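Note that the chains are named A, B, C, D, E and F in the order they appear, and that numbering of residues resets to 1 at the start of each chain.
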């Protein structure tokens, strides 16, 4: 099985999807990462330096899952779902031939995230199911699937911390809070962590759960805190 | 694992949910059936005779999965989600302690189906996730999960045919068409069969896929008819 | 064709559905009205007097369409969708055998309207499609169908004015504004009037448009004000 | 009345909308077909040959309704809702001046279908209502209208079979199953066929039912299989 | 201004709505609490003892806002939205004459919460807008409004801790995590806390924001962590 | 506080959003207007003359709120959400640095309105919340917020009347009817006027009510016509 993660900026895969990707990896899946913009606006350093540094950071982070990311090198902050972007994505999808694609939700907070999501919707055609990770802090997001990342949370934190130019501790705190809340929604034990995802069916993909790593264990009335 | 199927009339479990139940059985799950009304209005025979005959039919059909159904004996055609029904359902749920409940969707075609669905929503509290099977012919239904019943479809047909008072061939044709369409939505091979279900999350059940029998195999671009 | 209108209070059929009913009548349909509560709380007069006066008003209004309304005589302001109400509605529906039922939307402003809507949902079973008229002032309402009542608006006003105990001019102004807005949404000419309705499909009723009186004429770009 | 059907590929109008178009034709409506891509990726033949052959197939199929299709000749598999496509569609719409447009749903299975749907949404402005046919196998589709195509189903099959390069029998089986299921949702008699459509209102088009061919007959409780 | 909070069990107002109530209190609003069941199932103590102890706990907690709660004394775990409950709620609403009502969402985790929500929907009629607090852990909840409870969070914790029979620390942790996440969704500073609410308009209440305590401050791009 | 209104044509800000803008102005907010197309297709005059005349009209209307509008000068009737438009909007947003943006809903009647809405969704990124005014006649629109424009309605009419080339009285009548209906939905007194808006949360903007001018006063049961 091949999973393709498409992130708008060099740290997006780590922040939004890394737990699930580690879970897939643990199952033996092949992973591919596409980083769509050059990250040249993510900080106060000169754009060229940011581009260069963030590329290395992304490589380090992806390396934690033994992945060599692809860089599409669109300009940070200027993404538009036009023919150029769609064509670039079509090429990546054709070459990677993924069984499933992860990319940002169309209502996520950043314009680049929305543009990428729109472009993937066209580029993917019927070649793979597209699954969206939680938005930033889960704002405006209605999940359909949860993935247990308890065993992979520390690695996710490590991956985020590779992005040294990004003041990564703020994101570590953020994903810790969100992963813990998503686990709690599934009645998880203290210390549990989960990522939430959304999938909307269209032919030929109507139920893709058998492609996903396990959900948090279902904990019914006899086990949970409420009884 | 214990699955509790709640049908409004003596043949509803067979028509709407039997394929998935057979799949659970094949996985080693324990099954329990609750038949809520007496079926006394389902035909031209006198109510008492219908009640008696249909009880036997339901026992025969359930017997195909080695289940002895419970009969709640509410009057057919008069179901209301009131304290009496809810209390009866609470008792069944407490005694069976199911890990998951199947019952009709709240917008299914028959008033008894809707009333049962409403009552289960209250009676179940947080004791088990509730999953709704397809409505009649799938009208007005938006599935969230599909279950592969290809290997169990013949048994489902056999179960429906036990309901001899119900002119069962009309239902056989109906479920054959719907199961085949649901499998086709998942890009199934000819001869495939699937049942579609809907689950709406509420704490502590937000992703119950690990409780479900397998979905139809995901068949991507390299295998399907469209490439 | 038989249309059954079910209103919670003695003036609800007039305020919410009378235009469409007049349109059906003009097509030759048979009409039946069921008035569910006694209207005994709708004013400052003593309940018994209100009940008596409003019954006459309802008869006068219904008489404009040659209908003799049925009175179910539940207590105004105390409606609950329980077995008693559902059974009463089942009896009306069985006796009238309507091809289509009009009743309040489940999110309309008055508790009695909501309770009646809930009860009809169970009582109707699969015996007829249920169509909801606009809520009061259209608040929170998403229409699926529009009915042209231009030719019947004056009669609707006349019917509302029969409800002399209700200070009817306030309702005349209200329905005039709403009918005019609903017609404008269909790009109607000045003076047009429409009522908006909502239908949600469930087997065996998935598209009931051939039961409805005509929509406002579709007025495309060559005719409308915008070109 | 003029109906404009816009299909992404040379066989899409036949597969997705031909039944309704035949019904319109039978009512005396004028039809226009726009085929947006050249179909050059739909098979193993060389693109140029496919383009040429499929054009002839589309002409043969359209000819069954006495229509000469327009070919917009965008490259198959590369459609993007950009200014070029939108402008091309604006021109077609201006020249045909349709009263109603049929085109693919925005969540249909193929990227070209989605891009075309997006482009029509902009190009059409307020010039005509846009109605979407069922997606492939109805996956992820919530209909608002049904059209009875029982009398036209054989012609639809004939039209599909004109697409000899497309291994058409697979589509014949597919549309037979879907049309039969859609008819069954309306409680149709065995042998009935229907196409399902979705319309979302925006000014000046809020209820376009009077532009549509008849729905399947509404078959209430006294006629249907369940009584 | 009078706010009426209706909780199913003796600690529900504290867990789900206490922050907002404290904010209203700080604005000078009058508060009323209705506790609908006797809490006799919430623990391992004998029901009578639980009922007695929890009543005192609820009084202590409400006392933190100088409120004397009303006890409706329905049996814990057996709530049904029937005429008895609806009538009891009608009486409370008539006596308190609130400007706004808080009660559980209809899809919250506990059957009693759902039944209470259903009953309030009928009982309230058009007498006050009804606003639902977050479900347990926010599962399945889509907020429409947020209320800043940063200044009141400690009091909320204190109120929860009054419920000594309930092992309150588990709830303290839970509400801390949820309040912190809801504040983070509004881009709050570390240490911020918010409660999320949902309001669905129906006449005469379509925008009730001027009745609510302030939302978390809107923090745009120049202030937030992402710039 | 800075509010940026973005209208597709020279009179759109006046017709769709002027009441709220006047209310903001009255609160001391700063306003900026961006007029995206040149209006050269809005009438029978030659395009160049229309462009020139409408520019003056827009300046006159904006002048009523002491605003000098920005003209983006895209061609009327040809708007597409492509890189050119998105980049132009990014520049306006960067220069104005608004706290909130008003622009058309994505399902409004005119293709240019939809394209502008789509483009703003990308261009805005996380820089400001975007709020949509009512569609034309409110067709297909589900409001989340209402703004009281009673005190500003006459100025809105005056602003519309500045658009002399547009036969403005038709729009005056239209907005009068819609503003009056929206006020009535809030149980407004006769003579009240309101504009309805829709906001969909995405990080960091989840509840923006504290940025909005007041809603129509909430008028409960003791004041309204129904009691």
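The rule is simple: a residue touches a chain if its C-beta (ideal position, glycine included) is under 8 Å from a C-beta of that chain, and two chains touch if they have at least 3 such contacts.
Keep in mind that what you see is a predicted model, and the values were worked out from it rather than measured.
Q: From subunit A, how many touching-chain steps at minimum until you land on subunit E?
A: 1
Q: According to the touch definition, list the chains common to the neighbour sets of subunit E and subunit F.
A: In this structure, the chains that contact subunit F and also subunit E are A, C.
Q: Based on the averaged CA atom positions, which chain is farthest from subunit E?
A: For subunit E, the chain whose C-alpha mean is farthest off is D.
Q: Centre to centre, using CA atoms, which chain is the farthest one from subunit B?
A: F
Q: Select the interface copy of A-E from among C-D, C-F or E-F: the correct pair shares over half of its contact pairs, counted by residue number.
A: C-F
Q: Over half shared or under half: which fits the residue numbers at the contact of copies subunit C and subunit D, same or different?
A: Same, since most residue numbers here occur in both copies.
Q: Roughly how far is subunit A from subunit F, centre to centre by C-alpha average, rounded to an integer in Å?
A: Here subunit A and subunit F have centroids separated by 36 Å.
Q: Find the geometric centre of each of subunit B and subunit F from their Cα atoms only, then give the gap between the two centres in Å, rounded to an integer.
A: 51
Q: If a residue has to touch 2 or more other chains to count, which residues of subunit E qualify?
A: Those would be 82, 109-110, 126, 137, 139, 185, 201, 203-204, 206, 226.
Q: Would you mind giving me the full set of chain pairs in touch?
A: Chain pairs that touch: A-B, A-D, A-E, A-F, B-C, B-D, B-E, C-D, C-E, C-F, D-F, E-F.
Q: For the complex, which residues does subunit A have touching subunit D?
A: Interface residues on the subunit A side: 82-83, 86-87, 90, 121-126, 200-204, 206.
Q: Would you pull the subunit F residues touching subunit E in the complex into a rising list?
A: Spelled out, the residues of subunit F in touch with subunit E are 97, 99, 126-129, 143-146, 185-187, 201, 203-212, 214-222, 224, 226.
Q: Under the stated contact criterion, what part of subunit A meets subunit E in this complex?
A: So the residues of subunit A in touch with subunit E come to 109-110, 137-139, 142, 170, 173-174, 177-178, 180-181, 184-185, 190, 225-226.
Q: Any idea which subunit B residues touch subunit C in the complex?
A: Result: residues 77-82, 107-112, 114-115, 118, 135-137, 139-140 of subunit B touch subunit C.
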